[in-house]
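The structure's right below; bear with me while I get my questions together.
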């Protein structure tokens, strides 16, 4: 039984807490959050205790730490947990500064603790089946990848202020990881274009809310990603891989299987509203993979290098969107 | 070049006229209709002449007659055209009286003219592909057939008055033909239930407007057909064949390929409104098959026996709906 | 926190056990099964204890009993649990004998314990959305209901021997409940046809493995149900409601959202294999509804009368299939 | 009755010939082609005569000329037909040289003859419905357009040799027209990436066979287009418009409506193989619009400026693909 400490009880934290509680070989031992009321709510729901980070890291029964705090705290938390010998699951990103990411990677290498970065989409059954089919050669040589990745809402203004160009570094970073993972290749060049099309009330900072990217991979294959922060019909998550022998599409989910025929239309339900509903199964599968990795001593499926490489692409996209020029990526 | 006389310029007549005119190996020579204005309109559109039945049957250049008049005139028209040595294409039914149908069959056999009854659905590319797949064994032994066959509107009251229980003898007769054709077997028993659910304004004669049928085939396979006269979303035409090795579904068409995503739904277009739009390709293919049969001297795909057998099932369904008891069909 | 005793650890038992364990306001206290190894496996997975029925019914902390044993034991278990004052959730049927069902209903009325029969499909989000839309008048007056209900496999021969004509009493009984629930009406007449089409190896008892039913409801609406025990493509569960203002279809689920394009086809995944996968969410929602009913003292959504009425329709269908005649249902 | 001369009897010529012949207010009077056998085949099929360009242009009964010859001959043919006072329908492009296009535009302005360039996709019912919905404000402000435009095969080597980078100037030129037409805006910048991924046997000239483009429109909206010359599943033609209030998708067609369920998959037919099948209705509607424009004296829907602007975008895409840099488009 792997005992977890959850650090960060807001947002995605309760999702991980519930998955840990329902997992047959894991339990939630304790919850840490500066907002002690939030920590208490999550702890109570799963019969865990509220504690401090120091206490949790000193507790020999805590085998793993799940980090769901704001991005700028990740690197330090990873470092402390690693030195305490805990397995670490961290929501992306490791950090927004590539030097700090490299420093974290050094600590992880030195301590040798299991580490997994939260690219949850790798664990979605449909995306994973698509990737498996590409890897099995079903579409021959993969030549183009088209990813549609649209959110139903923009983040609150203060969040946007802290993470400008978040459409690349916070949202598309998942898609950059999908591109690397599915195409089994790295981008040689990134071209990005971004616009602020939402009105000032919704997007007071005029941060990009609409963006398109083209990645040119080393082997000549091409990747397109488009994103928006106002898909009124819900969280739009589609991946299309085209190759010399065919095409694969991981389609959008629908809220129900109901179809309605009236005099003027045949209609179905829209996709689930956002990532917590859409990737519910993925979050559970992600945890299962992490627990299994810790138990078996095998390396988790998504490692610190994956976190760093996706971030480097995102930062190149920001640079391209700002300069208007394609940006070459170093090896 | 096969030259046609069209008898009956209303309703489906213009569809056949246009298909004849567009056919590379056919021309429309003349049009006959008691309503000479209607005849003139069709004739003019295709550079044909208006004539009388006597003149048309006496004209040696007329090689084939297409009969689109009201049902009660079919048997006499078939008989006269056959004795005149013309190939005959006739909209269903041959007649509503099985004895008169048998008499017609006798004339057709004696004269040996090519004869085709207008079961247009056999020529729909999707239904035909379904039947071909069943015949090729794709679903193993066919065990169940489910046909959905719904019209968007009820016939006008005077038409209904002339053809009571038309939901069986006028509409489902097509489905009974589909069942025989796809399952390659004959029904041993028919059970039918019908209701008049539309209100008195729409259905003043309280003729059945809603019906369900179960056919038990000789080999034990089962067929279900359901029908209605008020599918508000358009002409609903689906066929589903289930067998020991799989299932085949010929789905509804859609008016366009457009899909609309809004905040509350994902919608597509409804099916085409009625049979002329839905079976446009089928009517053209039906004519092509008839022309080819006449040219080659081969027997047309749908013959008088097919017309008779489908009618016999329809009449048994009427009897069952009236009595409430299943009706056994003779060989 | 409602504490449960699970009676019957095989088949569907572990599904209920896991849902109870994951429920925030329920716990699995104990497990009863003659097969103590099975009981121990389920108990261990959820930190419950193995016990006897007597002990469980005597335990004041047990507030509710879930019955998942073979059908012939249900009536006695319901009776004993009810007299012990426990809330009772029982898999269908209450019994196969209508007199014994009536006796059970008497005990339930006398004891007043909360009782729910396991018609899980009522809790499927898509079927429930369809029923809600019908109830809200979205399709106007409901006129036809078409239910496709096909299993991927036939039950083992010894099970079939104990429950002949199970295609009606064990499988379609769910569909009869759907028909009553969605159409908000009762059948006046049942007509059923059944065939044994599978070969002797798969179906040695020649029990019906293929069936079609037509229900005529009191208000004139018509219902068709078809069923088979060998849908090779998986568990086929579709409901279609047609009315004066439109149509609703609760479609099949798909294993993943992946779509594959190759030179000769565009393909998707088949439906989930069987009911445990297909109705996973429904089983959880069913438990949630039961727990809420017990907590609030409100009557559970599916009661003993629902169990009895669906059984009466199933038995009439058996009679019709045997006699070949439609069977009238008493009020 | 508008009488046509068809110039160019190969490739798309017979499609136009058949549509003219079937049109109620048009006839095919004559056919011109250096390959007189080809001209004769088309003429014979529609009871037209074979003639020379000089004779056709001198014939007062010829009211309109349809130009289907190789691209480099278009400008001269347009010029001659315009000076002869004929209405002109010309397959795209007017020319590959923008100066020659401008000269043609001058002649067309001076002569005032009706002129239409063959951007057939504007007449596809689904694409046209999408554009109408955008224009009607159904998706609010259009913000992104994603066009998938893939051919099932690469052109023969000699054709490729004559038109290098044809993926932009011959194929995507249609998509550039779609982008302008649907978004009702012009691109300010073009970025293109192209690869030669097919092997040397299929693509001996190593001409780009795979390409991605991003257009930045003047108003900030973004357009992505991707193309390939080896979609093994057929002609892939999808358009997706995303806006502040929703999304519209014009989906792929399917060869039939058949759906096949087997143990391992649910499959449908692939799209029609190529443009003649896929855009059959569009070619007929295009002709109808042209005939109506000539009859009414109204300007045809797609004019020379549309031809020039799409070509200018295509040439900028070629330049971007060669240089690796985004290219700014002049007003």
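Annotations
Letters are used for the chains, namely A, B, C and D, taken in the order the chains are written, and counting of residues starts over at 1 for each.
Convention: a residue touches a chain if its C-beta (ideal position, glycine included) is under 8 Å from a C-beta of that chain, and two chains touch if they have at least 3 such contacts.
Keep in mind that this is a model prediction, so the values were computed, not measured.
When chain centres are defined as mean Cα coordinates, A lies farthest from subunit B.
When the C-beta pairs in contact are tallied for B-D and for C-D, the bigger tally goes to B-D. With each centre defined as the average position of its C-alpha atoms, the distance from subunit B to subunit D rounds to 39 Å.
Centres computed as Cα averages put subunit C at a distance of 57 Å from subunit D. The set of subunit A residues that touch two or more partner chains comprises 232-233, 245-247, 260-263. Against subunit B, the residues of subunit D that register as touching in their complex are 22, 24, 45, 125-126, 129-130, 133, 138, 245-253, 255-263. Against subunit D, the residues of subunit A that register as touching in their complex are 141, 143-144, 146, 148, 150, 189, 191, 193, 195-198, 210-212, 214, 216, 220-222, 224, 226, 228, 230-233, 236, 242, 244-247, 324-326.
For subunit C in complex with subunit D, the touching residues are 232-233, 254, 260-270.
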